Amino acid sequence: MKPASLITILTLALGAAAPWLISSYELSLLGRFLAFSLVALGIMLTWGEGGILSLGQGVFFGLGGYALAMNLKLAGLNLANGDMPDFMQWSGVSALPGFWYPFANPWFSLVCVVLVPGIFAAAFSWLVFRRRIGGVYFALITQALALAFATLLVSEQAFTGGFNGLTDFSTFAGHDITSQGAARVIYLITFLLVVASYFFLRWLLGTRFGTMLRATRDGENRVRFLGHNPLPYKVVAFTLAGMLSGMGGALFTLHAGVISPALVGVVPSIEMVVWVAVGGRNVLWGAIAGTLLVNFAKDEISSALPSLWLYALGGLFILAVSFLPGGIAGLFTTPRMPRFFQRRRQEAAE
Amino acid sequence: MHETAFLIGQIFNGFSVASLFIMAALGLALSFGLMRVINMAHGEMLMLGGYLAYLTLLVVPGPLGILVAMPVAFIGAALLGAVLELTVIHRLSARPLDTLLATWGVSLILQQAARNLFGAIGVQVVAPSWLNHTISFSTGILSGLTLPDTRLFILAVAALILGGVALLINKTRLGLYVRAVNQDRPIAAALGVNARLIDLCVFALGTGVAGLAGVILALLGPVTPTVGQSYIVPAFLVVILGGLGSLVGTTIASIMVGLFTALIEIYVDVSVAQVLLLAFVILFIQIRPQGVIAVRSRALEG
Amino acid sequence: MTMRKLGLAAALLASTALGLAAPAHAEGTVKVGVLQSLSGTMAISEVPLEDAELLAIDQLNAKGGVLGKKIVPVVEDGASDPAIFAQKATKLLQQDKVVTVFGGWTSASRKAMLPVFQRLHGLLWYPVQFEGNECSPNIMYSGAQPNQQALPALEWAEKQGYKKIFLVGSDYVYPRTANLILKKHIKHDGLTLSGEEYVPLGGTDFSSIIAEIQRTKPDIIINTLNGDSNVSFFKQMAAAGMTPDKMPVMSFSIAEPEAKAMGPSLLAGSYTSWNYFQSLPGKMNADFVAAYKAKYGKDSVVDDPMVHGYEDVMIWAKAAEKAGSFDPKKVRNAAIALGFVDSPLGEVKFDPNQSMVQKAYIGELQPDGQFKIIWSSPKPIKPQPYDPLTFPGKTCGAHSNF
Amino acid sequence: MNTAPLLTLENVTVDFDGFKALTDVSLSLAPQDLRVLIGPNGAGKSTLCDTIIGRVRPTSGRILFKNQPITALPEQDIVRRGICRKFQTPGVLPSLSVMENLLVSARKNRAWWLAFSSSPPAAEQERAEEILETIGLTDRRETLAGSLAHGEKQWLEIGMVVATDAELLLLDEPTAGMGPQDTQRTADLILSLVGRHAVLVIDHDMSFVEALNGYTTVLHQGQILREGTVSEIRADAAVEAVYLGRAKEDVA
């Protein structure tokens, strides 16, 4: 057996056995960080392989999280009786808004967790990319999107729970989700989805789609003047990243028991990029490892030395992008990265 | 109050907000046009300007303190900008996205430094008493309209800064070099223009303007470690709308954003206005992806 | 892919597997949690609150602790993020096995922690004024309910003859809900609502709102803006010629520290409504202020949430002594059974609905940054988590379950 | 020669905000033609290429390809009609291997939804192998294009352009930065393409232009100055005045 497969199998076995190896608090941490790593995988796909930097992945994370949270909030309410989530009552709403109704169905909610961010990501990226807005412009527009989305969530309190977000969940599709056993099941589902996404992306990047995506990153114009339309490759990658973020958001909501605007805005969105920058933007396992590493570090450092954490986060970011563009994974592998130090003026001039 | 007066008041407010955006976005647009990099720590230059105003007012209290603070803030922020350019921006100049991320790291560090130096809760900068007046109309259709001196002063400062930078770019030798590098970097370099030095000067000029803007913002808002963050996202939108490094484009875009928000806020609340502004920008780039002023350049490939 | 792929992930997983829970009770000590935002946007308010809570713990320990045990505070950072509040609350209860937790500021943080405390049968002491509409057997709410801060302010304004009222606030839960209640009462009392405007949290531009104020000419503005937005609002009001002496403003979230930082000259003459001011008379308060200054510097100031955080710790200690136990349920019942106790805020007690019975005060900001108390409710006000006029028929009963 | 022209430019003018990069340029290319375009720096050679492939849109005039107007088509559709261009600074895809570069170029059906398979069709694979041989990079097959030597990048890009099977190849300064030996090799490579494709070469290295020995168009200040065989152009006094005199010194 090759050492590579040995490490893979060992990691999979450890991950699957984690619920019986670590305390329930640590399991909940690991679970929520693995949920984050789905977002990171999406960023690796778009930013690392596609050259598309999004500073607004929190939006898709939030769409997925809210899609599930709406169901969790409705669980146990008798809608026929005119029951409403508590926050609506004290926001002056008289009846449950129409768009909430379908979310009472858990399966509809689950589908929306993936579809809503997917459709939104597809529509948004198509609108922007088709006018050949990319690079820095795209990063800035997605950042504005994150700000607008968080602002809207906060201001439409009657429909979204506002700044408080949605919290206090107890059942999903009739199953108790607060018990110790449920926590293990939720962890295992998260773990499985991360593993499945990892292997899916590994396959995808090995296809000609992966080659075309990297080709588009290297020279969008060259690709276009070879007769290809780069637009669909970018849109598909961005849509997949959005769906992964949505899935991550929903799983996070289950683990954390809360989804709120504080998790989807400008700063959380950019932190998501930090995970990938630190872990390695061109290597799938790097994205996952970076997410776990940065988040466990944050958990350890931020309580003991809160002001140090911000210096560390800022410094980590500067160091990673300036000196270690391949991230931690770059120390172990020779990923296929663009030749960073080559000035490509004709691209920049576009 | 007459409806016309209210509307004119809103248009005035739109220009007033636009003047803030011009000052906040001008430096960004300049260095973006020249170097194709976005400095995410630009907001912290505004913050630095605010704190320098606070420090200056401690040394030079009295009515003219604010006028002393403006050059101090300009120089302070320009120096910090130069350091930033030499240490981070230049190293990453071929990688615009990495520059963006690295400067975000810088912005975090600067915010935390301000927090440790001055405290999280912010410091006090008070507008001088000679600005505490208003021009009020009490008769005619403009009855009820009030134009605060502070806002008029800010409009004037913005116009002066804009005029100054325009003169610098269009009439001086430095400006000539800037335009040359802007058009065609390799050729300009071949003709003996020190493109590195031009980059450095323009970047420092841009951050200097932001520092100066920070003093002005302190007249209307708080001086806190995170104050830059409140202006930075609209400033980015202005840069996108304005087109590559065009002064005229930046100005028009600022006015568009200012008027759009002021007028739409008559009908919707501020939060929704923010969302509509983004929708407007996305719609606008459908029509003019290169911004208000699209530069048709032959320097695409030399 | 190389042979070392996933190696790091494996190492990470292994390292967490080895992480150990902190040891539970050591002999002669008892652990309590202190959970505030030490970083992020809320740190500005919550760090002083944490200081006040730690001061109370110090003072108790100096007198021998509680039930003969020394109190060991476990301090955690909520990082201004509700998910982290929930995460750290879980850690404190599950891993550190604390007997109770003091903390929270925003409603978002409290809402996120609530299910954790219910599931793990913990007890949270929440010290900040809030919008009500919530009762949990696992939370002691010592901050003001709307009928202890917002409504007394309206009542006072009415008595001053202000009839046209303009509401301006940050766009989030507390201002929206407080204003919902205020609007009901404005209508009920036959007053006029001139306008109601919100800016996003951290908003800095008030030009449109000020234009609206100039257009509608209210008698008084009720301000529920949060944090830095207040600075922008008052500066831009002053620039438009409307200083607090010309246009009265009643604020709900400006206390002594904010006034000190924003500059009393900008705010002097504006009003605010709280259950505590640093300038309150009485020996308890004088002692508290002196002790705080002795520990955190003579320039420091104290405010309403800080004193509530301090008093929460004190009442918890008294209740534990009375119950003879640290069991959260017994402590809760004992806290309610304590009756009125003397405190820096005056006589206070916990109502069976687990909120605090306390007086309301109106202060006018003086140029020295302190508030002059110009009105006080005649007697302590019983807390009403649900405003009867706005939410008819809803009440919080006494809780028996946990 | 076939009478129907492959490419026709009719009075093409390109105006960059008042600067006329091309004025009233008319040009016609037959299938399997080899045409060389020369002119001093700034004469508008690259702009002419840009205009044909749709990177720059003409202010007035039109461009016909196989008698169809292409002036308004999206860039990738112009390529799909059969025009492909090599850029002046090599436009290879640096983080892809040499073979991948060719395979990306050789894709016949360019629909994105057909990209979700791991291996390209056998025909495309064979074609790529063939071109790899032609451009002499067989031993560099798996090398990342970004780490090729400058000359090798030029050849790879020519290979990529060829791989698209375009009827018209536009080669913008294929010998830029090459030594005499490599230049000769490039000339041989290009000559081997004529017959299968029409080729428009832009260059100003006269020894290279002479080696190609194609029908030559001289561009000066955005306008066509002369057209003729290399020897006619060499003999022309006007051309000599604006261009060749200087070029001779360069070569010498």
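By letter and in written order, the chains are A, B, C and D; residue numbering begins at 1 in each of them.
Rule of thumb we're sticking to: contacts are C-beta pairs under 8 Å (C-beta built on N, C-alpha and C of every residue); 3 or more make two chains touch, one makes a residue touch a chain.
According to UniProt, the chain labels map to these proteins: A = ABC transporter urea/amino acid/sugar permease; B = ABC transporter amide-urea permease; D = ABC transporter urea permease.
Because the structure is a prediction, the values reported are computed rather than measured.
Most remote chain with respect to chain D (ABC transporter urea permease), judged by CA-atom centres, is C. Note on interfaces A-B and A-C: more C-beta pairs are in contact across A-C. For the pair chain A and chain C, the distance between C-alpha centroids works out to 33 Å. Between the CA-based centres of chain C and chain D (ABC transporter urea permease) the separation comes to 72 Å, rounded to the whole angstrom. Separating the centre of chain B from that of chain C, both taken as means of CA atoms, is a distance of 37 Å. Across the assembly, chain A contributes residues 151, 154-155, 307, 310, 342, 345-346 that each touch 2 or more other chains. Residues of chain D (ABC transporter urea permease) found to touch two or more other chains are 55, 87, 89. Counting partner chains per residue, chain B shows two or more touched chains at residues 229, 269, 271, 274, 297, 300-301. Only residues 1, 6, 9-10, 13, 16-17, 119-124, 126-127, 131-134, 136, 144, 146, 148-151, 217, 219-222, 224, 226-227, 229-231, 261-262, 265-266, 269-271, 274 of chain B touch chain C when the two sit together in their complex.
Across the complex, chain A meets chain C through its residues 2-4, 7-8, 10-11, 14-15, 18, 21-26, 28-30, 32, 86-87, 89-92, 151, 154-155, 157, 162-165, 167-170, 178, 252, 256-260, 262-263, 283, 285, 288-289, 292-293, 296, 299, 302-303, 306-307, 309-310, 328-329, 332-333. Residues of chain A that touch chain B in their complex: 47, 51, 53, 124, 127-128, 131-133, 135-137, 139-141, 143-145, 147-148, 151-152, 154-155, 266, 270, 273, 277, 307, 310-311, 313-318, 321-322, 325, 340-346, 348-350.
Across the complex, chain A is touched by residues 1-10, 12-14, 16-17, 19, 21, 38-39, 43, 75-77, 79-83, 86-88, 90-91, 94-95, 106-108, 111-112, 114-116, 119, 131-134, 171-173, 176-177, 180, 198, 200-201, 390-391 of chain C. Contacts from chain D (ABC transporter urea permease) toward chain A in the complex involve residues 53, 55, 74-76, 79-80, 84-85, 87, 89, 91-96, 100, 103-105, 107, 110, 112-113, 115-118, 120, 144, 146-147, 160, 164.
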